[in-house]
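Some structures to go through are shown next.
Two complexes, one shared chain (subunit A), two partners (subunit B, subunit C).
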Partner chain A sequence: MATETARPKRGRHRSPSGPAWVPYLYLLPHAVLFLVFIVYPIGFGLWVSLHRWNILSDVQRFVGLDFYLRLVTPGSPQFTFFWKTMGNTALFTVLSVPALIFSALGLALLLEKPIAGRSVFRAIFFLPTILAVSVMGLLWRWMFENRTGLVNILLDLVPFTQQFPFLTNVGWAWIPIVVGTIWWTVGFNMILYGAALAAIPRVYYEAAAIDGAGAWARFRHITWPQLNPVTLFALVTTTIGSFQLFGQSHVITAGGPLRTTQSVMMYITEEAFTNFQFSSAAAMSVLFGLLLLLVTGVQFRLTLRDLGRGVR
Partner chain B sequence: MIVRSTVNRARPTIPFADGDAADTGPSVVGRRAGPPRWLLLAPRFLTLVVLALLFLLPIYWMVSTSLKSEAATVAQPVQWWPHEPTLENYRTILESPNAPFLRWAWNSLFSSSAFALGSVVLAVLTAYPLSRMRFRGRDTWFWVILSSMMIPGVIFLIPHYLMMIRFDWIDTYHALIWPGLPAAFGVFLMRQFFVSIPREIEEAARLDGANSLQILVRILLPFLTAPMATLALFQFMASWNNYVWPLFVVHGDMQTLPVAITSFSSRYWTAYGKLMAGTAIASIPILIAFLFAQRYFIRGMSLTGLKDE
Partner chain C sequence: MISVVRSLIALVAAVLVTSAAAQIELDYWHGFTGPDLPLMEALIAEFNAANPDVVVRGEPIPWGNIWQQLEPSVAAGRAPDVVAVNEDVVTGFILRGALAEMTPEALAAAGIDAGRFYEPLWETGMVDGAAYAVPVHSVMLVMYYNKDLFEAAGLDPESPPSTREEYLAAARALTRDTAGRAPGESGFDANNLASWAAGIPSPWMGGTIAYAVAAQNGVTFVEGADADFEPNFDSPEAVEAIEFLVSLVREHGVSPANATEGSEIDAFRQGQAAMNFNGVWMLGQYADQAGLNFGVAPFPQLGTERYATWGGSSHLAMPRQRNADPAKQEAAMRFIGWMTQAEQNLFWTAAGGLPTQSAVADAEGYASNPMTAVAEALDGTFVLTGFPFLAQFRGAWDAAFEAALLGDKSVERALSDGASEARSSIQDGLLSLP
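Up next, the complex of A and B:
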């Protein structure tokens, strides 16, 4: 870290930054907010999960690991719904992540070489990412609306296909959510891949061309391996994003039909803000957070590797 | 990611853009003989056109639906464009007493601006000593801040909410602004840029007796206007588009626009003319901003990588 400056010499402070307390003064505003809104809530959340939080009471009863035990005891409603929605979320991740990686790579490859209107195309593919999830959700709910949605109108017009009630059909309700999500977020990974493609040294391709390598061979042996770090980064960040599914399901299907598209984030908020079971929800947050931490740990290491590489 | 993209930006990101790429690009093979370049590119161009139209279709359909009467939105056969375009839906929802769109828009605008401004100020003040001063505990503190980036947001949801109740901040702008401010991301980003400014630049000022604040404001900040603008734009968008948190901490008149259009949607569940008018109101300002500043949006994104909410 911080290789750009020499390590401070203890006991002898240099005057350039003024009195010794000056740096701390700059750090103070952020540090106060950091303690109040990041450090404290972590402890407070754990504390809440170990008590039975009653919003109307001043004294909260200690219950130990009760709320965690429920989550691993088959039979309790919390167990049933937590793991059911966890499964839903995992299914969404499996459905969406590969699509978000490969379609992003496809778009980036289409835009790799100069072509008329390239920047316009890039802007169009990126455009949906700036929309709020509610906007995106309402658009795609309308697109997939049973009978009157544009998708069903088109299915009606195309021979050999017929209308289908996507939004209210178990399993099929994922299609509007996944399609909407791809439309909404593929632009991020496309930009990542675009930057990475541009950074591949041209000489590799020239050498391959001299060796007579075809398009597929060039992709397989140059492009794809060179993109490895970006693919890994995109894979990790997209997985984290997909696991936190909330808005798309909330707006497009409201978690239905029969909770089959309810994500774990939706269930946690339901437990907290509809059932007012804050302690139970806090315990779920901690458990779910720990699972996410396994993935963010990878991301963190990748970021640090970049950091170490880039800083002089 | 951040660093790598910065490096990419320093050299031309798109080598040979719009020039004669065939000289050095992968298409060097087959250059000598074979069909002309435009014919080779035609399939790719057509693919891109089709995909672009598909991407724009939902947005076209939103605008088109919003300009139809409710009867026309479900008319058989389908009206590919509004046969009798009308602004009736917009008028209805803007005049509706229980859908204060302008108030919601103001809530979003104010809280997102305050959040963006606060993030930039905090990031600059914090990154400055962490990158350009020497003091005890500096590296440790940077690591503490950096480590907080790893913590999944879901961990904070319940404790933050209960804190908002205790602070009596439910249904206030405070709830929308303060809890997210100390996030490490801005500090991390600004520090990268502080580090990239050569140290010699401030030496002269220091010899003239300038203090650290003067050095920051007069010498360093002019180098940082672009990253600060990028960070501000990014944080503004993040706050504007935030969904889970505002959904639960602000209600009624205090809602942010993107959240409000969904609660508004439960009233007009299938009245898609009005729903799409509301959606258009919520998204068109952002779409227009994107039209003019798409370069900055895209640059900001490649600068930051995918920031998960």
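Up next, the complex of A and C:
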């Protein structure tokens, strides 16, 4: 091999394993799937959103940006509900993402200590992740059901507390959704943090201990910066996941009361498959996708800057 | 060895060819995926046995998936030969061109007589005087009531309330707060009920109940095509209906605040709620509840003008085919005709569905069905159907009722906001018809 590289070649990218197009061959399977299942649907969705699209119609009338303009012009139900559900989704993200990051980190830190039954606890915290959303949703709906749910029965039994109708109360209806979501998905981030914690070289802590750093200082100046790449990954994936809220609201509150827990994905689905307004739903999907891209971009910039500082 | 394989292949091919020539294969999509699935499969098997030239392949698919897949399958030329569709989507499918018309000749040849069915049910499958779908299954909103609680309150367990006055009288007799006080007594605490009449939940089941009471007040909800499908449910009659339901919670104190459909089902099973308004499909669950001695009665007339209750239905239809095969269409019509006959409908009602035709309701074999008590209400079943973009109306209606019930808006305001939302959505939907 050494002699090969020493000899000058005409093809700059000529690799020892064959002709230049070979690497592309290896990329092809993923590229085909990516084109067919990601690029084509996005393009088709864009096309649908610019027409009054009806699958059984012979003519699909071009309407330009009509469906987009409606989403930025107050007055129509689509404007009202798209932005209302967008706000709901953002609220859910703000409520759930910090909780999902910090509770996962907390669990991972606790389970890093050499306690008895550590792997059992890890399994217990991770296990809900494998449940289907419908199962998880029914479970938490049953827990928080007005009057007859387990939580309300307990509130009835405990002195100085009384029953509370979570499911029909604006604002409070988020409690079962957020609590259920944390219980359901915290295990994934916990495993990420667990693996990252195990990878931090012990010598850092030993050196810090010699310098007299306390537990908080060790966490603040070693653990937290070392976990930065994982935190970035967890932050981005959890945010995207939270923005795609669908099943939990769908099963636990059905978007109620008064559409206050309806997520934007639920509304887009309603517009497409209940109202049969595919073009309108496609326009909403495109706009929502762009907004999500923007949020992710901002997150990346902020955290990458942080990351750079940490490494330096 | 090779010759053996070859002759085997020839034999298989010959069998395939002859069976293909002799048998017409029909794909049939339906959403009867619950406890009713075995009955549907038994009916399909019986039809196949009686019609050696036809093989119907039933495919149980959740309703929502059928609604999503039907139009793409028609567009791709891969639609099933027969499909079951429900009352709330059938008109939209017809107007968007997903279903094939059934000509009077085809109906006659298949032995389908429109006059046999309850009229509103039959009308559900029609657009502009043409038939597209035949009723096969029917459900309605009914009242379940706890006979033991009725007796304990001094009410006759064999004559449940059927009018607004009777309902209010029974409701007051059945309601007690946690200190044992009745509504109207001094100190009665409506926020802490130990037992009550029936909860009024939100949103879908509440919207269904509100729909029935408003229909009893004469509300038609949405005008016909000649009036551009104008929503008219912000009328004084509709306001009166909703105000009455809200007053059951706020004034009369006979319904708990913050009821949900689930909490009311639990409360009825546990003997806290003496009555429960829900669909006929709840029968099995209540029948399985140990110690629950209950009866089924028509949804009472809480409105002022006429008798009405919410009804829903499923219909058999033929999706439009790109290259329609007359032999297949004839076989599909024969299957639809057979499935919707009185005999098959009688067998089907064992799964909880209601008769689609009076012949079944009057049949001797139906007398033992627990739902006979509500059969008299069948003529007043007010099916929400007949115009496209029904979902747009129903979504706005449910939201309006929820806003009024939870006290978010006044009843007038909730209904006028709901009507303007429905107006905008329906007009938008009409624009997207082909």
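The rule is simple: the second predicted complex is superposed on the first by the 253 of 312 C-alpha atoms of A that agree within 3 Å, B and C clash if a C-alpha of one lies under 4 Å from a C-alpha of the other, contacts with A are read in each partner's own complex, and residues count from 1 in each chain.
Here, a contact is a pair of C-beta atoms (placed from the backbone, for glycine too) under 8 Å apart; a residue touches a chain by one contact, two chains touch by 3 or more.
Fair warning: this is a prediction, and the values are worked out from it, not measured in the lab.
By the touch criterion stated above, A:T89 is placed in contact with neither subunit B nor subunit C.
When both complexes are overlaid on chain A, the residue A:R259 reaches subunit C alone and has no touch with subunit B. Touch criterion met: A:Y205 reaches subunit B, while subunit C stays clear of it. Within the superposed three-chain model, A:S285 lies in touch with subunit B and out of touch with subunit C [touch as defined at top].
Applying the stated contact rule after C-alpha superposition, one finds that A:N54 touches subunit C and leaves subunit B untouched. By the touch criterion defined above, A:S249 lies against neither subunit B nor subunit C after alignment on the C-alpha atoms of chain A. By the touch criterion stated above, A:T168 is placed in contact with subunit C alone, subunit B being left untouched. When the shared chain is aligned, subunit B comes close enough to touch A:Y26, but subunit C does not. By the touch criterion stated above, A:E270 is placed in contact with subunit C alone, subunit B being left untouched. Residues 55, 145, 148, 273 of subunit A touch subunit B in one complex and subunit C in the other.
Residues 1-8, 13-19, 21, 24-29, 41, 44-45, 47-48, 51-52, 55-59, 61-62, 65, 73-74, 78, 122, 125-126, 128-136, 138-139, 141-143, 145, 147-163, 165, 178-183, 187, 192, 195, 206, 211-212, 237, 240-241, 243-244, 247-248, 257-259, 261-262, 265, 270, 272, 275-276, 279, 282-283, 286-287, 290, 294, 297-298, 301-302, 305-306, 308-309 of subunit B are the ones that touch subunit A when the two sit in their complex.
Every residue of subunit C that touches subunit A in the complex is listed here, in rising order: 64, 67-68, 71-72, 74-75, 92, 96-98, 202-204, 256-260, 262-263, 266-267, 270, 320, 389, 391-392, 395, 399, 402-403, 406, 408, 421, 424-425, 428-429, 431-434. Put simply, subunit A touches subunit C in their complex at residues 52, 54-58, 76-78, 141, 145-149, 165, 167-170, 254, 256-259, 270, 273-277, 279-280. Looking at the complex, you find that subunit A touches subunit B at residues 1-2, 4-6, 8, 10, 13-14, 16-18, 20, 22-24, 26-27, 29-31, 33-34, 36-38, 40-42, 44-45, 48, 53, 55, 107, 110-111, 113-118, 120-135, 137-140, 142-143, 145, 148, 150, 153, 183, 187-189, 191-192, 194-195, 198-199, 202, 205-206, 209, 212, 215, 218, 233-234, 237-238, 240-241, 244, 246-247, 250-251, 265, 268-269, 272-273, 278, 281-282, 285-286, 288-289, 292-293, 296-297, 299-300, 302-303, 306-307, 309-312.
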